[in-house]
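Look at the two complexes coming up: chain A is in both, with chain B in one and chain C in the other.
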Partner chain A sequence: MTQLPTSTTRKLGLVIDLDTCVGCHACVIACKGWNTENYGAPLSDQDPYGAAPSGTFLNRVHSYEITPKTGPAQLVHFPKSCLHCEDAPCVTVCPTGASYKRVDDGIVLVNETDCIGCGLCAWACPYGAREMDKAAGVMKKCTLCVDRIYNENLPEIDREPACVRTCPAGARHFGDLGDPGSDVSQLVATRGGIDLMPEMGTKPVNKYLPPRPRDTWEQTDILAPFLTPVSETPQGFLGWLDRALDRL
Partner chain B sequence: MGHPEPHLDLSPRVSDEVRKTTCYMCACRCGIDVHLKAGRVAYIEGNRDHPVNKGVLCAKGSAGIMQVNAPSRLRAPLRRTGPRGSGQFEEITWDEALQTAVDWMAPLRETAPQKLAFFTGRDQSQSLTSWWAQAFGTPNYAAHGGFCSVNMAAAGIYTMGGAFWEFGQPDWERTKLLLLFGVAEDHDSNPIKMGLGKLKARGARVIGINPIRTGYNAVADDWIGITPGTDGLLILSLIHCLLKAGKIDLDYLTRFTNAPVLVNEDPASPENGLFLRDARGKPLVLDRATGLPTAFDAPGVKPGLAHGYRRAGITHRPVFQILAERYLSDDYAPEAVAGRCGIPAPRIHALAAELARVAFDEAIEIPQPWTDFRGERQETMIGRPVAMHAMRGISAHSNGFQTARALHLLQILLGTVETPGGFRFKPPYPKPPEAHPKPHATATPGQPLKGPHLGYPMGPEDLALDADGRAQRIDKAFTWENPLSAHGLMHMVISNAHAGDPYRIDTLFLYMANMAWNSSMGTARTIEMLTDTDPETGDYVIPRIIYSDAYSSEMVAYADLILPDTTYLERHDCISLLDRPISEADAAGDAIRWPVVAPDRDVRGFQSVLLDLGARLGLPGFVADDGSPAYADYADYITRHERRPGIGPLMGFRNDGTATGRGAPNPEQLARYIENGSHFTHHIPEAAQFYKPWNMAYQEWAVSLGLYDSPQPYIFNLWLEPLRRFQLAAEGHGPHQPPDHLRTRIKATMDPLPVWYEPFEQAAIDTAAYPLHALTQRPMAMYHSWGSQNAWLRQIHGENPLYLPTNLWEDHGFTEGSWGRVTSPHGEITVPVAHMAALNPNTVWTWNAIGKRKGAWALDPDAPEATRGFLLNHLIHELLPPKGDGHRWANSDPITGQAAWFDLRVRIEKCPAPREAHPALPPLASPVGRGPKSLAWKIGR
Partner chain C sequence: MAGSTGRWTGSDMHPAPSVILFTTLSGLGFGLLIFLGLGLPAVTGWTAFGFFLIAYVLAVGGLMASAFHLGHPERALKAFTQWQTSWLSREAVVAVAALLVMGIFAAPAVFLGLRLPVLGGLGAALSLATVIATAMIYTQLKTVPRWNQILTPLHFGSVALAGGALLAGQLTAAAVLLLAAGLIQIGHWRVGDTRFAEAGHTLATATGLGQPGRIRAFEAPHTGTNYLLREMVHVIGRKHALKLRGVALTLGYLVPLGLVLIPGAGHVLGGLAVLSHAAGMAASRWLFFAEAEHVLGLYYGRHG
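What follows is the complex of A and B.
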């Protein structure tokens, strides 16, 4: 089985804002496009024009309805990809060392040359974040676009994961969550960012910013200040109008 | 460490070359960087320098790579060999195809040009396609606005000189409160998401008013699950509350709107309801300084609102007084509308209070002096930071025009239009109705039409009727049934042509319009009309159909001649100020597409084909003096065409490359656009960025750019006089008289002030038998039919259950995997259902255009789109159910003719799961075969 580094220099990861995510799937397809063309085997699609199309995706968006005790139901869009856990069970379960966590930045990767496609890592991951590519027979997962973020062939501004670069609503943020002064750490601190399923003990690096409270006037609108009429009669309204125009 | 870390190439080569062009995976026209390896498309991402998307890109845009390789792409011109609808074709050469088209069209032009009907769907080259149709001489041309959002566009133009999306946008940088009415993934796509992101980042409040809570409404701070078709009533109630409290911007209303204009109030006068005007025709206001009626635009005039004026025994009152009298009525009190809107009255009060608080207590002021059209200098720009955006949800109803008018009235009363923090126009808008053309529809054999087909009628005299009062257009646009049908009525073309009413046509020429499927009201009936034969001759009732599309859509099977188009990465296009540009609120913008890859099939860009056809037909403007083609292809046209001297399709790099807007054609123009990332931006000076309709700095800038030839300041139409002119006719005044059976409806609906009336279909049927509203929404990751052929997008939206609210779900005992039989007054479908709690309790809905005909789009016949996917279109009719009065009334807005497909009423019953969704139409033969069984699309190995 494969060892994790005792610590990593940085903890690169994503901060995903569930308050802002509109569920458009832009990140899903940008990821599919980049990672089909780049890192390792292409993300393949089986039966792409048929009855049961099924392809490999490193990032998927799920939608959940929440029905609060009072007020209308809510819909939360929830993009999910590898969380690059500090205690990544997918790494320690790997029989060949193909799965590993980088010491320099904490990114969890699969070295496809060593991957035997046994699928243990996908079984070990409590988040369902790994997908076996059926065409290549190797395990695929989010690379945090390791071939973008340091890529000297890209302008510096583009050295971020494809999903972050493309997100139209700006709901995805990338940075070093090991540095408390980084923009992403500050965002997590300000907005009360959370770990996904912390009880699993995996110490995910990626964080989620919870939706802000919605529909708050459900609780308050009985007390809300109504607008005060200027008059209850048409004549009174015209009188107000005259006076108001004089003040212009 | 058990293993050393493997060596990784952290700087792999991304591409050999990046070619920048414009996306066309939906209509929003984002800039894209197309990465090529070995000349093939390897990756597509957003262009950071592009004004529309600033680098971001939606799922559709990123999936464009799966469109260029789609197995559904047509490969060569096709001639039908089997019966219509069989899908049986033979490939022919372009010469044969073009000669066939010319052989069909040329005799029509010489004898009866109206027998050619040319309608385009999601076309972005209407400046060219309309010019072609005008040169051909047929009055029968329009694009798809009649079933899209003409209510929104026309109400905006008539009320304030522009509407949402392409006409204007919220001031995303400054607004503090955004109201979204009926917006799903409607236009425009990425800019709304980017804007919402900005609002969220700075804590501005978003309120979503929509029966369905998905997408933008899901992230809204507050959701109001309104009953469909009642938005107008809610808005008028908000206006009631704001007026009653005096929370309106009186300064703005007196200076920039027709609120102070004096209206003839004598019920006996033939000018009742029209404006008092001076000898030059200028509407008059009562000057507060002099007490005299004065032209509204006179220098120094201080328009009043509070007093009327008598002249020649006739009382005239300011528009504002009539308006206040109407909306102060308790008929519009929240308590009176709450039940119909499905919104508790306290919520309406609270919403009005919030609008007033943000508009007036959180007003913003920019220290930017400016001078208005009356010559008055203002030291600052005051803004009321309330923005609104609306789309099809309020538009696609039979009361949509007046609802959109009501929304603009609300914006204007708050002083939020063209002020900081509110709603801002995008050049070439603002542009009032008077500055638009009037409709032209008189066909003359062998001659071009005398002017543009589409326009903005100002009264009954502008209708497209012949001397006997019959419709001149096949779609009956600009008739008494729908006088202001500014975008035409594409949804009526096939049914009218089939009925021979107002006349028979010979050739139906369609581009990018899936009329045999998701773009028709009543798909199966439309298919019957397309295949129906005349018993006497055995010919098809619509004898000839020519269709251009890039893909094997359902419509292809119903055409006789197919002119295969390219994909968007293989073609030239221009996104032009003459048409539908990509301007922003503080800059004019246009753009191009160019062939970033060459087609690998025998296909041609439709616009080049149209130019070729125009030349072969010898149409004026399409041939040079020596009879040779005037333009080699579309690229040549984009470069050299001049609509007015010095004004061409593209504004940038004119003359020697340094002129903007006006200037001689520059042969290097397209090359310069490509160097510039395929777009061009021309900024509006700071002093001209707000108050555009009244700001002389803006007016002069617009003239310098060539948007107008002289300054065109105007005031907003709270009172819409053209509507009143139609009402006057219906009351019996004037030489142009409507048919008697339409008088009552014209009087009721063409009210010069926004009015709400019950959607026609629900007013005409037993709503107890059809208690539910049925809607569709466009998903964010799929655009109409196009997405279904996309290997990646169809994995996100491969099927479309009908979503049911909790009460309905439980009452009918639906469970996961249930199916339901859905019945409307016009048809029945059987479909998979799913539960959704965040939904108006009387509404069911589904994603639009996911359902597919078997055999279309190169999908397997057992694809979920074809077995579980479905269309609500089967439940809709272009006519209302018979009323027993001898007339069939259109299921459309009575003002614009917009298809009222959101008026649909249904009931649902649980039923046993069938083998597949019904109706299941027989499979089409695929002219392109089927797609591969697996994909692993990596270009660089």
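What follows is the complex of A and C.
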């Protein structure tokens, strides 16, 4: 059913901390590992050990460089997967009803037995969150590990998305973003969580926590001012060499 | 494939030939059906059979070509269910309705010499609606600002009408429509060229990392290519964009316009005009897809 629900009971989603992410790609591997052998068609690879490897991933980590007006450049690792948008354009364009958004928890899913592999949903997504699997010919996307989070065969600690469970930096958080009292909602409120491409009007459920301002030396050590170099002009042998080369 | 800089420099990027073929051929086919439905020309018997055969081969052939684009063509019937929200589903429903109605209109015209103008008018309207629905599939995508403009359905519609007039031998109508379609084509390119910048999507809005300071893509998530880049981030067509625009404008509009304006233009010149127009439209459609800049390219450091 490609008509979006007017509201969902819960808004399950991820909060990704760009300040904490170290760019290790463990979430990418954990995601691929879990999702290639559980729900739906496997995430195939083409030419994985050859010259031109390519494959289906539901989560990918970009890296961006920020150059502030003052201070050193900063590298920001940027994991990106389906944002489970409230106004998901990928769902309404689907001609078969394979794409849908669940009323109970807001998860956006693809019913793979109904998917004709037209690719229009991937075109409608601004975030590049959907990938057609080349071997299966159906659209793959993040399921928020729907087969983990409700899975009573797993120990309770494992009932969260594989990417969140594996993150060694604690940069990924999972919860109900529709509940203002939930841990994830509090985190978003405290850290000023943001939407990606808000001008698209997709109302993403997943939020990103922007990197915090970096400390400066003055802030970290009261002795810092005393540690500045005393003399910029070289002394001794280096001083002689410098003067000798100047004279040449 | 994987450059030493970590930047992806793929080679496997091209708009799907089946989709180019589909929109070009089916546009011509449904365009001809529009004119046949309106009784321009009001044909019966074997002449009508010939006209309808050409129209159906083009329209149905185009639909078949589009089915080859699917990952699971055997499930194509499911695409008729979601017409309430999906333009692709609407296109499927309206296309089949148009082909059925025009079939019912064609049969008595061919075999009994009987023309049912009301049915023909309905079929013509459905045929035009099919072309517009096809255009809306692209127009609705906010993710491709170049397509997300009012001139996209006007472009598809005017081209189908011009091609249909050529095939139907309506030379005066063809001349006027070719001129109009050519102007809309130029307008679509001109407006499209600035749509991305006007929409205001940047790497800063895409990542939320606009403040403070400048941001650039440092490293792609993968050394190889992927579905997204193959399907939606083309560069090859863009390299020759200006030449291809010249080819599309010359073959698609100017040459056929010149040919239909020759007094007493017969079947040979008319046929040449159709072939030239179809070739020009194939170039135009190639560009339509090749120049489509998807906002997801921003995440990969495209579009500045």
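Following the convention adopted for this analysis, the second predicted complex is superposed on the first by the 213 of 248 C-alpha atoms of A that agree within 3 Å, B and C clash if a C-alpha of one lies under 4 Å from a C-alpha of the other, contacts with A are read in each partner's own complex, and residues count from 1 in each chain.
Please note the rule applied: a contact is a pair of C-beta atoms (placed from the backbone, for glycine too) under 8 Å apart; a residue touches a chain by one contact, two chains touch by 3 or more.
None of these values were measured; they are calculated from a predicted model.
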>> One more residue to check, A:Q3. First (chain B), second (chain C), both or neither?
In response: both
> Just chain B (first), just chain C (second), both, or neither: which does A:V138 touch?
Replying inline: second
>> So in the superposed three-chain picture, is A:G117 touching just chain B, just chain C, both, or none of them (first/second/both/neither)?
In response: second
>> Looking at A:L75 after the superposition, I want to know if it touches chain B, chain C, both of them or none. Which is it: first, second, both, neither?
In response: both
>> On the A-aligned overlay, A:A51 touches which partner chain: chain B = first, chain C = second, or both, or neither?
In response: both
> Residues of chain A touched: more by chain B or chain C?
Replying inline: B
> Counting only touches as set out at the top, which of chain B and chain C does A:E65 meet: first, second, both, neither?
Replying inline: both
> Looking at the overlay, what does A:P89 touch: chain B (first), chain C (second), both, or neither?
Replying inline: second
>> I'd like to know which partner A:E199 touches here: chain B for first, chain C for second, both or neither.
In response: second
>> Residues of chain A that sit at the chain B interface in one complex and at the chain C interface in the other, please.
In response: 1-3, 25, 28, 51-55, 57, 65, 67, 75-76, 97, 114, 136, 211
> Along chain B, where are the residues that touch chain A in the complex?
Replying inline: 1-3, 5-6, 8-14, 35, 37, 42-46, 48, 53, 55-63, 65, 71, 185, 189-190, 193-194, 196-198, 200-201, 213-216, 218-223, 225, 241-247, 250-251, 254, 288, 304-306, 320-321, 324-325, 328, 346-347, 349-350, 352-353, 356, 780-781, 789, 791-796, 798, 806, 836-839, 858-860, 862-864, 867, 930-940
>> For the complex, give me every residue of chain A touching chain C.
In response: 1-3, 18, 25, 28, 51-57, 60-69, 75-76, 78, 80, 89, 91-98, 114-120, 122-128, 131-132, 134, 136-139, 194-201, 208, 210-211
> How about chain A: which of its residues touch chain B in the complex?
Replying inline: 1-3, 5, 17, 19-26, 28-30, 32-34, 36-38, 41-55, 57, 65, 67, 72-77, 97, 100, 102-103, 109, 111, 113-114, 135-136, 146-147, 150-154, 157-158, 162, 165-171, 211-212, 214-217, 221-222, 224-230, 234, 237-238, 240-242, 244-245, 248
> Which residues, counting only chain C, touch chain A once they are in their complex?
Replying inline: 1, 12, 69-73, 75-76, 78-82, 84-89, 92, 137, 140-144, 199-201, 203, 205-209, 212-228, 230-232, 294-296, 299-300
